[in-house]
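Step one of this worksheet: look at the structure below.
Read from first to last, the chains carry the letters A, B, C and D; within each, the first residue is number 1.
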Amino acid sequence: MSARAIRADTEEKDMSEERPSGDPIRVLVWGENRHEVLEPHVAELYPEGMHTTIAEGLRRVLGPSVEVRTATLDEPEHGLDEQALEWADVLTWWGHKAHREVQDEVVDRVQQQVLSGLGLLVLHSGHFSKIFRRLMGTTCSLSWRNDGRQERVWTVDPGHPIAEGVPNPIRIDKQEMYGEFFDIPAPDELVFISSFEGGEVFRSGCTFRRGNGRIFYFSPGDQEYPVYDHPDVQRVIANGVRWARDPRGERRLPGLRRVAERSVW
Amino acid sequence: MSARAIRADTEEKDMSEERPSGDPIRVLVWGENRHEVLEPHVAELYPEGMHTTIAEGLRRVLGPSVEVRTATLDEPEHGLDEQALEWADVLTWWGHKAHREVQDEVVDRVQQQVLSGLGLLVLHSGHFSKIFRRLMGTTCSLSWRNDGRQERVWTVDPGHPIAEGVPNPIRIDKQEMYGEFFDIPAPDELVFISSFEGGEVFRSGCTFRRGNGRIFYFSPGDQEYPVYDHPDVQRVIANGVRWARDPRGERRLPGLRRVAERSVW
Amino acid sequence: MSARAIRADTEEKDMSEERPSGDPIRVLVWGENRHEVLEPHVAELYPEGMHTTIAEGLRRVLGPSVEVRTATLDEPEHGLDEQALEWADVLTWWGHKAHREVQDEVVDRVQQQVLSGLGLLVLHSGHFSKIFRRLMGTTCSLSWRNDGRQERVWTVDPGHPIAEGVPNPIRIDKQEMYGEFFDIPAPDELVFISSFEGGEVFRSGCTFRRGNGRIFYFSPGDQEYPVYDHPDVQRVIANGVRWARDPRGERRLPGLRRVAERSVW
Amino acid sequence: MSARAIRADTEEKDMSEERPSGDPIRVLVWGENRHEVLEPHVAELYPEGMHTTIAEGLRRVLGPSVEVRTATLDEPEHGLDEQALEWADVLTWWGHKAHREVQDEVVDRVQQQVLSGLGLLVLHSGHFSKIFRRLMGTTCSLSWRNDGRQERVWTVDPGHPIAEGVPNPIRIDKQEMYGEFFDIPAPDELVFISSFEGGEVFRSGCTFRRGNGRIFYFSPGDQEYPVYDHPDVQRVIANGVRWARDPRGERRLPGLRRVAERSVW
């Protein structure tokens, strides 16, 4: 089994081996890939699927410091078998109409990996994915209206690495509106807030840490608009990937741990 | 259906009706009630079950400002049917050896109620209950050693209502040790940290808000020691109950909400 | 000296005496009261000063459960002598053009009181007051544009007591725009986010806890518009006052505390 | 003026230039350097001053990826003139008996630099320094007892970069006790909690973000014990320095910013 297999965290902590910092970040871009196949106007925007566009954006911004693969719902185990997840440093997730088709065993597996140190980026309608709801514990519901009007993404934490090199605001010409109340736990860090032409606001860039894993939710990105071609959106996703990567070389699931001996002061 | 039935939060928010502040807080004390029945030394400490002792502690501290009922695992639906949950303002949860016997449908129901505004106190080994893990999204694992030695509970947030009237530290003569790493999301507020005779530390009093609900985890309270007879522990639980109560008169589950019309500036 | 004089927190903590919960909340509304005196169009909106309007709003919403006094910059010690501060449970602060005229000794005194348990509401341009900057440690700067257009105040934490009974959004017809980046520490709780007709967003309702004190910053309320006559704004301020009140009967300044004896486990 | 001079943040944000990630981190280690000069038993532990030992620890752990200078109280401007602060990516601060001798102008300058992006590590008795109290807004008081007994530093956030490669717990044989209540704002992240032989606990590793700056408080390190020779303590400080460094190439002070034009949706 590879060195990245999850280990239970039941021994005295070792000095962890760090991967050489020069190693590229390995990103697995997961896409539901249904709208793109079934709906011509989406296929026109994303002829090879949104996952491909997202992957290319990462390569464009991060160059040789990233290694990207993609996986989609209709692959065996949704392309998310143990080996694929162990390979990845960071997983990005876009899903919408087929959340229910994602198998619970796969969700269990992804959750275990995230709690063990796999970084996770949840994009747009992924707010309602099983994996995000599982990790948040809340309904993750929100308000919405698909009227293809403007969104602006404002930085409220300019010192955060995910905001690096990002204009304030990002201007997106056509987007679906996502508004509050967004039923998530208070994020550990709030990086972006969006405004919409209809006057609504949304906490559009939120970080969460769970177990040994880092999670970044970023809301821009509906299938009906070419949002993932937007260079600033690509930049945010690239920054998110860099932030979400655990520099440690191994993956550990926090575990129940019996401390047999009382140590003596 | 009662006024406390959960309503989907899909309409324009109304001015909410507040329950008269003089109304007693309705607390449902849930106990697994197995150790007390099966193990003589536990039965001796808690002849009517830990839930009964916890309930009495609430009545002692809060007097007429509280109304308390109890429920246990072996009742139909574990004593947690819709009606019982709608009645309650706050639910307290103690479980240990039979976490797996709690039916998933009941866990679903409790989660919905908490997200809709039911307060929840999770006590001691309840850290590993299905409901707590569900709401946290993490493993909720920790370190432990049952050697019946001292615990001290230190207040690190003296202005918090849950710390009101609580000595610093609370001294508990005999307790199981619970130590870090405790795999929970960073709590919204950290109220207490415990130290143990063996030198360990534990984040023993943590608050979390999820949906419209308030959650307080408090770790003291093993079945093998008379911790729930301790007046300071009773005081903390009573403070927790007062804090966890949602003053609003109705329960609402955050829901997906389509905003049909774009409003005009 | 009154029972509310600050005591150093250098002894073993006592069971604190709670004030009877039926006691009215004592609020001191502080106003700079310069624009109202010097500028006719402001005087027309607030003929008796903004502090008077704010005070009346509190009385309207909270009735006999509140007792309100006012104080202004040009009174001796700005109306903020020891006695006035000891009397108050909560202080509200509006200032703008004369921040620099507030004496440093008075700022010291208010800071000590807040850290000892006095609640503080900082309103609108009070973001740049000495007391707020002192308590935050940051520049508290922001973006702004006074074009008298619409603001909407969205609730992002509907279970928070400060959001009780508040419509989502609050609509304010004419207001100055305050936008991000707002240079404050990440708030302990984010309750409201505002959007503006020009597309900007602002974290307009933020809570902070410092020492034993609770601080609520709420941004609506420019002197050029009748914002403090708005019933929803009055409701938020009233909720803020209830939230910021420390239920404990005495005021204690956290102090350095030598623990002479090592206790024995 | 150098590229690191603070710029007011009053223009549209530019794509920031990142310093090449291979550049060494520039750390300025500041020491009060009084105990070491005046007290023979301290001079014996730290013959060249604690600042020298801290600097050497950084070089030992970080090697060529760090460049370290030192500065002390008795130098002109305490060795903290504009040039020195502009040079540094991160400043570490140890002071104790002479906090009051630090000039207010220098404190102003350091605060401006931190809010503009200079990283700051505050060590042990630095909790009572002017700069830390200024940035926190609270009294920063705590409990203490100098009895030279054991401290253990427990990791409560194992996924945090500051905890990388740090054993859990760190065992320090002789240390002064620092206990709660520690009057700081709730930290943005709590990384370490210490326990002491006398049973006390302390939030010993806390992060705060203020403006564009990152602050890490770490409590181990009294002048009477050789704590800064401890390899695990050196490791934590080195991790802290890496974490506190702002990757951006320039320093910007958040500023008031008038947005003249309302943009059109």
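The rule is simple: contacts are C-beta pairs under 8 Å (C-beta built on N, C-alpha and C of every residue); 3 or more make two chains touch, one makes a residue touch a chain.
Since we're looking at a predicted model, the values are computed, not measured.
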Mutual neighbours - chains that touch subunit C and subunit D alike: A, B
CA centroid of subunit A to CA centroid of subunit D, Å: 32
Distance between the centres, which are taken as Cα means, of subunit C and subunit A, whole angstrom: 38
Interface hub residues of subunit D, defined as touching at least two other chains: 9, 149-150, 155, 157-158, 168, 179, 181, 186, 188-189, 197, 199-200, 209, 211, 254, 265
Graph class of chain-chain contacts, one of line, ring, star, complete, other: complete
Interface residues, subunit B side, partner subunit A - complex: 9, 111, 115, 128, 134-139, 141-145, 147, 149, 177, 179, 181, 183, 185-186, 188, 197-200, 208-211, 253-263, 265
Residue ranges of subunit A touching subunit D (in the complex, touch as defined): 9, 12-13, 15-16, 18, 117, 149-150, 155, 157-159, 161, 164-165, 167-168, 188-189, 197, 209, 211-214, 246-248, 254, 265
Partner subunit A, residues of subunit C touching it in the complex: 150, 152, 154-158, 168-169, 179-182, 186, 189-190, 193-197, 199-201, 203
